[in-house]
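When the chains are written out, they are named A, B and C in that same order, and each has its own residue count from 1.
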Amino acid sequence: MYQSKWRIFTNHTILILGALFMIMPVWIAFASSTHTREFIFQNGLQFWPGGHMIDNYGAILFDPSATKGRVTALEMLFNSMVLGLGFAIGKVIISMMAAYAIVYFRFKLAVPLFWVIFSTLLLPLEVRIVPSYEVVANLGLLNTYTGLILPLIASATGTFFFRQFYRSVPDELLEAARLDGAGPIRFFIDILVPLSVTMIAAIFIIMFVVGWNQYLWPLLMTTDDQLYTIVIGIKQVYNSLYEGGQIPQFPKAFALTIMATIPPVLVVVIFQRMFIKGLVETEK
Amino acid sequence: MKRVQFEHSAVPYLFIAPQILIISIFFLWPAAQAVYQSFLLEDAFGMSSQFVWFRNFEDVLSSASWSRSAIFTVIFSVLVAVISIAISLFLAVRADEVIRGAKSYRTLLMWGYAIAPPVAGLLGNMMFNPLMGDLYKAFNSFGFEFNHIQNANDAAFVVILIAVWKQVSVNFIFFLSGLQGIPKSVQEAATLDCKSAERRFWTITFPLLAPTTFFLLVINLTYAFFETFGIIDVSTKGSPGGATATLVYKVYVDGFIGADLGGSSAQSVLLMIMVSVLTVFQFRFIERKVHY
Amino acid sequence: MATVTLNQAEKTYPNGFKAIHGIDLAIEDGEFTVLVGPSGCGKSTLLRMIAGLESISGGEISIDGKVVNKVAPADRDIAMVFQNYALYPHMNNFDNMAYGLRNRGYSKADIESKVREAARILQLEDHLDRKPRQLSGGQRQRVAMGRAIVRQPKVFLFDEPLSNLDAKLRVDMRLEIKNLQQRLGITSVYVTHDQVEAMTLADRLIVMNGGIAEQIGTPIDIYEKPATRFVAGFIGSPAMNFLDGVISDDGKHVTVGDGGMLDIDHNIAGGRAVVAGIRPEHLSIAQTGQGMINATVRMVESLGAETLVYLDFGSKADNVTLRLQGTHNFSRNDALGLTVQADKIHLFDTESGNRL
């Protein structure tokens, strides 16, 4: 299509500026994380990387004392992975099943149960945080992976997504399957699930990122630092930055920040197409 | 509703049970607790509680700090929504037009979704750090007396900037997708009818993007209301003096840190009412009616 | 005076693909020119280059004597009708037609009268308040044409405007377009892949293939004297029959297939290998003594007013089509001797495909 040379030029300029706007903070954090703390303390944030990347990153990955706690970044990364994967897997399975029941079955409690699920959209976790904490504490699930993951799954977003998708599946498929003698469970496993694979992948990616990036809930219910996710680890490190009268350990804190960011960003960028497809489908 | 459905007794219950179970334990029960506690007042020692009907609500609604927080939340949310929508729309239009490097630009602009709110808050904190933050230095060197630790407006500026920065990616993705949904031939016809690209945007592109824009408005308002907790907690922590505490943040501060269960539960209930209104609005006017 | 001139116009895409190879074309004022050819031949690309929707890589395009290579589409004083109408979905039909005028600063009264006049011509007066989605395909196409007419441009461009309509509608709209153009007298360039549309609409026809113009001429000229084998096979339905053959030594016959001989009247050296082209309607049943070929009936299609007979000739199957008036009673495997008048045989070079 026709574009004047000026328009093309301004387009590229604007987009480059936009990309820089997004990337600058992260780049500065990364560059600053590769210097010693004395250097940062004296010279402020850096644009250009220094030579201490291996030192800093190695230290926080393997040395618990580097993060002022008893846990290494590696262990925290592991916890984040468990949270991200567990949350995504749990979400996908439960929402798929619930959406299947709602869309494909006529049963007595269908309508009230649908509205119960819908109601979870009205009271996000942040708002019911205190009683949620109490419930989990009473169940003895504080400082457990289960307690970390389960309460987060109790929301309707995934279910609505699959509900929408199932409604778009042609009825003829079900009719043909019935003629072929497939019962409801068979139909689900043999036909619907394979059909949903791209959707499942898309939702999985989104939920993995959501799970990995959880903040408030893990903050509250994990007091045992063996269970810290890397996002929580960052907060703890920053809290203790100015303690002890020593030069603040900025580079290591930045390194932790970068490490908390890389995995979800990589996932989102590598699986871009699927991710965007999943995200945009939720609009319709 | 599907035209064809199974009639079956046990299977649907089986399938829906896990979600219902989890919802009951981890949502319905805490939600009911929150509502119940909003009607209670604990004594000074937390030993007994008294049923006080709507007194907690009265206290909350008449408290200055809640009003201030509510006003801040509204202004904050509207500004974050409008600014990040404007920026991302601006970027998306250009990204839709370029041919060379289209995929690269898209990649460079969409990854912000993967950033955790606390990480965004941290990066903002870093950039505005009085000791070494580049933006802190930059603003002060231009003659503004920038002090977000003590000045409420400067602090608000910081959290708004951070929240906008993080949200641009999501809006960008949706706008780009919306733009790509406009038929190319319609855009070409517009090229023949109208020489100015700017005018074409406002008369043709923007009206056709209206559904996406409304949708994003709701999404962004919701984001600003709730998902910015992480940003605030790691940057300004609501200071100075609660000036940058959104309503959600205040629930946390009062309830968890201040141990005012009754008050924070009442705030939760009020928030729940506000969300319900937003959600109903979203489903009614933007998506087709939610019906079984 | 609105002429359109192409001078060695070329288009190469960034990936290296050359879509248009040096085309020269001179369209007169008020002429209805049709670009026709198979998919991918470059006809739409050429049209879009005239519009300015595609940039030009080499050569010049001039409208009304002025070179427009670097002129923005909106400034070329052209209007275009798209294949899928490209109406603005959020505006009603009146606004759709008025949009271009509003952007050019016409007065409200002016716009009002121009749009209403166009609506009258196109019988759209009752539909002006409606939105495009409330209209049928044919009506939408008329709104698209209305949008072009109100501008009173120097050139009309049509990009396969009838392809999305059903068959009957296509025929009706074809006539409407032709009438409209003759009435308004505006220079028009029309792209289609349908050779019936091409033949009926064109004052002049350009047959394109692979980015080049194989022949430019009036429809009848192209039909009766196709310049290349490609043009001969593309124009005319059912398509021309092609038989490989050799000119006899005395230059008075061409031998085709297994020895069938046909009289020719061309001035070509004996012994040369050629491709002989004969239109189905020019074949007739041979009387004895005439140069003929022997073919076997494979299938017969009786259309009432005419009959199409598909025959096998030589060692090939289904390679000859015969078109006869009225109804005939042939059956499969009947043997027919076919002949053709010497001046109705087209001979082409086997390699270049050019007319001999």
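Everything below uses one rule, namely that a residue touches a chain if its C-beta (ideal position, glycine included) is under 8 Å from a C-beta of that chain, and two chains touch if they have at least 3 such contacts.
Since we're looking at a predicted model, the values are computed, not measured.
**Q** Tell me, please, which chain's centre (mean of its C-alpha atoms) is farthest from the centre of subunit B?
**A** C
**Q** Which chain pair shows the largest tally of C-beta contacts?
**A** Counting C-beta pairs in contact per chain pair, the top pair is A-B.
**Q** Subunit A to subunit B: how many Å between their CA centres?
**A** 16
**Q** Centre to centre, by mean C-alpha position, how many angstrom separate subunit B and subunit C?
**A** About 58 Å, centre to centre.
**Q** Find every residue in subunit A that makes contact with two or more other chains and list them.
**A** 1-2
**Q** Indicate the residues of subunit B shared as contacts by at least two other chains.
**A** Expected reply: 188, 191.
**Q** Mind pulling the subunit C residues that touch 2 or more other chains?
**A** Residues 53, 72-73 of subunit C each touch two or more of the other chains.
**Q** Could you list, by residue number, the parts of subunit B that touch subunit A in their complex?
**A** So the residues of subunit B touching subunit A come out as 1-9, 11-16, 18-20, 22-23, 25-31, 33-34, 37, 87, 90-91, 94-95, 97-98, 100-101, 105-119, 122-127, 131-134, 137, 165, 168-170, 173-174, 177, 184, 187-188, 191, 197, 212, 215, 226, 229-230, 233-234, 248, 251-252, 255-256, 261, 264-265, 268, 271-272, 275-276, 279, 290, 292.
**Q** In the complex formed with subunit B, which residues of subunit A make contact?
**A** 1-3, 7-8, 10-12, 14-15, 18-19, 21-23, 25-26, 28-29, 32, 40-41, 43-45, 93-95, 97-98, 100-107, 109-111, 113-118, 120-124, 126-136, 139, 150-151, 153-155, 159, 166-167, 171, 174-175, 184-185, 188, 209, 212-216, 220, 231, 234-235, 238, 250, 254, 257, 260-261, 264-265, 267-269, 272, 275-276, 279-280, 283
**Q** For the complex, give me every residue of subunit C touching subunit B.
**A** So the residues of subunit C touching subunit B come out as 51, 53, 72-75, 78-80, 82-90, 99-100, 103, 147.
**Q** Can you tell me which positions in subunit A touch subunit C when the two form their complex?
**A** 1-2, 4
**Q** If you look only at subunit C, which of its residues touch subunit A in the complex?
**A** The touching residues are 52-55, 72-73.
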